[in-house]
Amino acid sequence: MFDVSQGAKTLIEVRGLKMYFPIYAGVFRRHVGDVKAVDDVSFDIYEGETLGLVGESGCGKSTCGRAILRLYDITAGSITINGREIGKESQAGLRKLRPTMQMVFQDPQASLNPRMTLEGIIGEPLLEHTDMDRTQRRARVHELMDAVGLNRRFSNRYPHEFSGGQRQRIGIARALALNPKFIVCDEPIAALDVSIQAQVVNLLEDLQKQFGLTYLFISHDLSMVRHIADRVAVMYLGKVVELSARESLYNEPLHPYTKALLSAVPEPDPDLEAAERVILQGDVPSPANPPAGCNFCTRCPAVMEICHREDPAFREVLPGRFVACHHYNDMNVSNETADETGS
Amino acid sequence: MPDGASKVLDVQNLNTIFQTRSGEIHAVNNVSFDLEEGELLGVVGESGSGKSVTMMSLIRLLPSPPAEIRAGKVMFDGLDLLKIDDDKLRDIRGARIGFIFQDPMTSLNPVFTVGFQLREPLMRHMGLNKKQANKRAAELLEMVGIPAASARLKDYPHQFSGGMRQRVMIAIALACDPEVLIADEPTTALDVTIQAQILELIKELRQKLGMAIIWITHDLGVIAGIADRVMVMYGGQVVEEAPVRELFKNPQHPYTKALLKTVPHVRGERAERLEVIEGQPPILGGAPTACPFRERCPVAIDICARENPALHVTGPRHAAACHLVAPAREEAHV
Amino acid sequence: MKLKSTLLGAAAAIALASSALAGSHEAQGRDGQLNIIYWQAASILNPYLSGGNKDIDASALVLEPLARYDENGNMVAWLAEDIPTVENGGVAEDLTSITWTLKEGLVWSDGTPVTSADVVFTANYCMNEEGGCQQLAGFADIGSVEALDDRSVKITFTKPKPFPYSALVGSTMPILQQEQFKDCVGVNAPNCTAENFGPIGTGPFMVEEFKANDTVVYVANPNYRDGGKPAFGRVTFKGGGDAASAARSVLETGEFDYAWNLQVDPTVLAQMAAAGKGTVVSAFGTGVERLMVNLTNPDPALGDKRSTLEGGPHPFLTDPAVRRALSLAIDRNLLAEVGYGEAGKATCNVVPAPAIYVSTANDECLVQDIAKANAILDEAGWMPGPDGIRQKDGVRLSILYQTSTNAVRQDTQALVKQWWSEIGVETELKNIDAAVFFGGDQSSPDTFQKFYADIEMYTNLFDGTDPEAYMGSWVCSEIPSPANNWLGSNMPRYCNPEYDALAEKLATTAALEDRAAIVKQMNDMLMQEGAMIPLVHRGSVSAHANSLEGVRLNVWDSQMWNVADWSRAK
Amino acid sequence: MLNYTLRRLMFSVPVLLFISFIIFLILDLAPSDPTGNLPLTIPPEVREKIRTSLGLDAPMWVRYLLWCKQFFINEPLNIWDQWRGTCSFNCEDRLRVVSYVTRSPVVDLIVERMPQTLWVVGMSYVVGILIAIPIGVISAYKQYSVFDQAGTFISMVGFSVPPFFSGVLVIVIFSVQLGWFPSIYDTTLEVVDWETFKMQVKQMIMPVMVLALQTTAQISRFMRASMLDNLNQDYVRTARAKGLKESVVLLVHVLRNSLIPVVTVIALGVPAVFGGAIITEQVFKVNGIGQLLIIGIQGGDAPLVQTLTFIFAVMIVFANLIADILYGILDPRIRYD
Amino acid sequence: MTDTSEITEEKARSQWADVWSQFRSHRGAMIGASFFIFICLLVIFGPMLWPIEPNFIDIRAKNQGPSLAHPFGTDQLGRDTFAQVLAGGRVSLLVGVTAMGLALFLGTFIGVLAGYFKRLDSPLMRLTDLFLALPILPLLLVIIMLFRDTLRAAFGPETGIFLLVVFVIGITSWMHTARIVRGDVLSLKEQEFVLAARSIGTPSHRMILRHILPNVMSPIMVSATLGIATAIITESAISFLGLGFPSDFPTWGRLLSDSTNFMTLNPERVIWPGLAISLTVLSVNYIGDGLRDALDPRIRGR
């Protein structure tokens, strides 16, 4: 559906994004360190594509998504949306830009104000950013409800009267209200039942086609990401360790972590009993105190001596394939290509 | 049913309801199944399908009120667990039937050390004194793969990571060498890499200890990798039951079929578009008089709205509850 | 013991003699424990540093004056040999000095002798300006105090004093031990906690333990001059709570033997007394609950001149007809009955006692006469307006009536308000916390001196039996105003040169009958000109257990005045 | 934890100083006068003189600084000297905080009042808690049962009846009608033998009863709510699944967790023990700290009120600190840093 | 799209409707609520039906027991107790409700500001701690002494004191509400719907009004009920200590403290105001209990 190598228009450009949460301790509450939730992350998202962002819980993928939308005041780095730098924009200035970038949240229960009706929830962006009157707003709300497959009769209902899948549709309708270009989907299916997940994913795909949307699809469900994303970024402990087009990543993962992650996914096929399963030992280290060298060196099955000393650079090692691992130190693509994707 | 394997647990016509202000909710309807020695029975279903309630009903763990076990029999070692008195049941809980819960974050008591919580069943059921119990507790932690086990006995649950905590839960459940282990979505709250660790661990322990396991999950992938036999639940009922390969290769019930299709894969073909089950999961209510799946069923017929189908045997050890499934000729009960 | 009291009256002599005889044979402390409850707790045992009755009474068990008044208001010699008079030579002919002589063989409770030096010391202790002595008024016009010998002290006045007994007489001015207090003079006086909490005295008891604002425990003084007395070996003087519970503990539960100042609704008190454990006793002193009439204008619009002579006269209270009508509309007997029971009597005089000073010229007001009051107002041209309130020339008879917070006073206010409404006078009630009302604080608008109201009600009285200082309260110079920091005792702002002249005359008149005549004249003047409307002659109410004997309620002095004579009924 | 404690302690110093200043300011504004209770016959000059002798003519800030010096420097020194029997920094001339009314050092007065307040009010707090916890536990375990309903009702009655009413009521019943207990508390009673102990118990029963009713009412509500919260937790199910006896589940697992918030509530209530029983103290003439405060307020005794309220403030601040620290100790999940 | 006006929209039950249905099933709360409404109606309309002036003195009828003329008896001046209880109830309830309103307003205001604006959190919470650490009773007495006359002059004796008492109770009891609200706001701020509103660009004031306040209503309502009860009790304590309203201005607290001394003589006098206070507080507490249950989504789910 989208060919990466064609070098389409870059919609989002993230460079050196850092999001640190300070830790204070001691009698005088001194700043003793940071939780490095997102630590020097760079990538692009092309117009019309879906970039999947996968990783285990606590790896910083949600924080990354929120930081891109500037829901936080970021520690460092630049974020360019549609050619406009927003990394240092004030919250008031961001307000005008909000309509272009929206978000769909993980918990369909928690992301809807329980005290507001559907019409209020979906109409809120319109109220904030347009000068529609009540009837116009209602018409637009109905339109949006149709678009996400909700019966317009329900517009006066409250969120608790809906099932999880329907609530997620409400959230999507709200995100669509202002005709955004870019939507961050923060684990939109994680809290849904298996039989509903497919409905929501299909809806997202349909809407993308219909409105020409660009998605950052954050998920820990590797199989769902494989389905929806065009390119996939894998995060580990605040850093992107691998970024590739979907098929190449799933068929031939480069980073040891990606390999382990993929092999850990249980396949719903009893005959496919994974023979070459890589089982990672131990837990993810704390982002407040990451190991020296490569973040993954504590669990890496292919760890080398250099990994404990040096943090591998995130580089394009094959055309369109970026990875941060010392195993690929001797691989390199030409500078021209590198410039094009801008790592 | 292969000969020689005897049933450790035999559940017949279990009915559990919840009393609410808006009336009775039938959470478990006429559920029957059995568990053989050393077998791993996978129970699949979406949230609200009644799988957890069924398992908790077995050892009467549901708070009553509002829960009430209306009818049924749970035969374990010649005893009906639903009939025996509370003291006898307590002797069985934790000693002969172990339980692992979904959320390792909340299932351990935050204010007691892991050692204390591990010692409790040991001292209660095996009559060990504190010293012996401590020794055994350290062994158990080691068995579930916790490094520096005896030192960590003094730690509190919050000092463990999620995966480690689930290992502690497993150690507690296995403390008294139970004959049956009931695992209620034990890996749902964990990351895939940790889930893989736990699955490995369970496989290993199963070989070593040989207990029968009931494994509840909504993840078909997990089931495919670990179960011997699978039971699919929907709307408080068992809709299909079969050995694992049989179920994945030859699903009979429309729900099972659809479910298998909606799940995307990491390997193999990538479908351009996912199959979907239209509609919403059923909202439980009064006693079911119709097939709970009928509203989402692509092949529903008139009778589905009038009559709740019973489980029909459709093949060797394979049964499904659907009006459209032709009953096999054998009269074997599953 | 030799009885050597010179008396101004005869009755007390007999009483004293009999009680002295009764106790003379038996051992001290034979009756064990005596429990006294004061619902206001004693905070200090030095009367020179406290004006509170509770403190004076608590110290009266220990400290004694040269002379004091008995229950009939007669002066009796106490530590003094006798009462000095001009006749016996104790008082100089020109009334400028008085010489007191101590009884022989007096000893302090620590065994050391009481000498005239102690008396001189005590006088100087109080007269030290820096000591903040609260009884300084009693030492007014004293030039010097000197010891003539071991037992005689001569007090010299700066001008002739027809009544020379004000200093060192009565429980408010007992003799302190020089040895104990010698370092506590002047600025140090308040800081001598140990001394002020445990004075050494000549009285029947000694302080064993003092807990400020709570309890005092006394034991019998082994060196007490009257052998065999006191009958009680130990006294607990408990404080705290409220009058009703104090009454209950004596009358109903019998936990205590004596309770003081029982300002309780008379019905309740009567019911408690019916329990049969104790007896309610009452006696009348000079206290009169009265309405003070503001003769100046308290209109807030006047600002600084509010309630001062400069602010001009009151819009309607200066009309004698109004004042008379207000007075006539009140049923004083009912007020007395409802609020005070046995301990209250209707009165129309500001000097209700002693009998010699009491005028009968004003008794018209003893009977309530609403009709007459209405008639007076009609005649004076005050006609009911559309709202039923009388008015004349646009002035409405609307009164702000203030007093301190106290259940009985609020009942009185409610009753008066109702009666006045019957004669077409509107009343707004206001009650102020006693601490503020009587507080004298410059910044508070609510003090009784500022009198930012039309009518205010409180009780005033004079200590002892001589009303000279008391009558002097209503001379022109005593009018409170910003000029004198609102300090002054002439609340009604009554100013009459004739009255001032009478006050002058009283100060130089010595003969009792003449003095009485002048006082009556002044009293009538105040009444008839309506500067105040007396309501009730208030007595003291106390209760004692039926098993307690020897209680003689004294309103002229401390109620503990004869505690040495108290004993347990057999 | 130590860091946290230190930080909190450090922080409490400016807070307390600020509070002491506020209290001083408010008291200074109040229209009460130490000479207010003097008899009317006292001439105005004498009143003025008394005011001067009490230092009331000095400006507000001078008096505040003086109080600070007396309270923060002189009084601790005095305690030290009394304890060690020494006399440091010329103890003879040391000015202490002196009450206007009794003219004795305020701290001595407070120390004198401590025993009865601790006996009665403290005991009632303990008794109240001891009754409240089982009531709370049973009410929660048998939610909506007859016991729960009755417990709810009684505790709400306890909460809603003012002590000036319930106090007099028990006096009328038990002292007047039945004659079982004395209606007036004897502060001079010293417990030396069995007899005096019996008397002490007798005179304590009624005030303790009245006060404990209120404590019980509040704490049992808390306990019940906290138990209910915990009874729904997953770990309770785990404990049951382990086959533990219901009593163990309830009294070990649930109770221990439920006590955490309750213990902090109890710690927070301690300052109220000293000041909150004013009305009850008045009814039974216990003459403790509360009565001292009321007398001080009525008598315009600024140093007494200032010192006493400040001590209350100190206790409140420290009770807060202790409650937080207790929370940290009782709940291993909480780590302050 | 189609003309929307033709589509009939379903009127759905809001959560408050759910709360109400849950509340209705709480027996104690329903009894409490009906009693509270009964009491309110009685004190509002009672004086119209019972025309005896509460301050009318009929000295011949003093200290009477219940009779047809005086169903609750009379006091020591012969005033009708029933009329006084009715009049007192008006004041006590009004004090309770208004003081609670003030405390809630302050508490919510400060709690929301502290919880929502990180920069205000520390100063505002210190302020709250400060107020918690200020000994309330002396403060209360002093404030009453200080301001009583200014207010009396400005609003008249009754309204002035009323405002003062309400103010004093309100200003000394907002702290717990503030703490609870702050805690709730802090956790609400982490909720995704607030994040969602932020991603829309909702400015802070609308965020608070639209998303925060409606969702902290439940703890506020529970503390409201407790607040009414506490305010009524505090007023009675102030009356007992002799501060508060003018003496001829009945409140339940004053009636009760005035009549304690007559307990043995004339028990009805104590019983009625006592019963009125206790039952009102009780009913309000039960309402609070019911509300707490009804507002708890966990319980409501059952």
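The letters A, B, C, D and E name the chains in turn, as written, and every chain counts its residues from 1.
Simple rule for what comes next: a residue touches a chain if its C-beta (ideal position, glycine included) is under 8 Å from a C-beta of that chain, and two chains touch if they have at least 3 such contacts.
Values in this document were obtained by computation on a predicted structure and should not be read as measured data.
Participant: Sort the other chains by how far their Cα centres are from that of chain A and give me the top one.
Facilitator: C
Participant: What chain is the most remote from chain B, judged by the mean position of CA atoms in each chain?
Facilitator: Checked the centroid distances; the maximum from chain B is C.
Participant: I want to compare two interfaces, C-E and A-D. Which one has more contacting C-beta pairs?
Facilitator: By the number of C-beta pairs in contact, the winner is C-E.
Participant: Need the CA-centroid distance for the pair chain A / chain C, whole Å please.
Facilitator: Roughly 89 Å separates the two chain centres.
Participant: Between chain D and chain E, what is the gap in Å from one C-alpha centre to the other?
Facilitator: 26
Participant: Hey, how far is the Cα centre of chain C from the one of chain D, in Å?
Facilitator: Result: the chain centres lie 39 Å from each other.
Participant: Take the average of all CA coordinates in chain A, do the same for chain E, and state the distance between these two points in whole angstrom.
Facilitator: Between these chains, centre-to-centre, one finds 49 Å.
Participant: Using the touch definition from the top, which residues of chain A touch two or more other chains?
Facilitator: Within chain A, no residue touches at least two other chains.
Participant: Could you say which residues in chain D touch two or more other chains, in rising order?
Facilitator: 31-32, 168, 176
Participant: So which bits of chain E are touching at least two other chains?
Facilitator: 145, 260-261, 264
Participant: Given the complex with chain C, which residues does chain D contribute to the contact?
Facilitator: On the chain D side, the touching residues are 31-33, 35-44, 46-47, 49-50, 53, 98-99, 101-105, 108-109, 112-113, 168, 171, 175-176, 179, 182-184, 186-188, 282-287, 291-292, 295, 298-300.
Participant: Contact residues on chain B for chain A in the complex?
Facilitator: Against chain A, chain B makes touches at 46-47, 161, 163-164, 191-197, 199-200, 218-225, 244-245, 248, 258-260, 262-267, 270-271, 273-278, 280-281, 296.
Participant: Can you check the complex and tell me which residues of chain D touch chain E?
Facilitator: It is residues 15-16, 18-19, 22-23, 26-27, 29-32, 149, 152-153, 156-157, 159-162, 164-165, 168-169, 172, 176, 232, 275, 278-279, 293-294, 297, 305, 309, 312-313, 316-317, 320 of chain D that touch chain E.
Participant: Mind listing the chain D positions that touch chain B in their complex?
Facilitator: 233-235, 237-246, 248, 253, 256-257, 260, 330-333
Participant: Give every residue of chain A touching chain B within the complex, in rising order.
Facilitator: Residues 56-57, 163, 165-166, 193-199, 201-202, 205, 220, 222-224, 226-227, 250, 260-274, 277, 279-281, 283-284 of chain A touch chain B in their complex.
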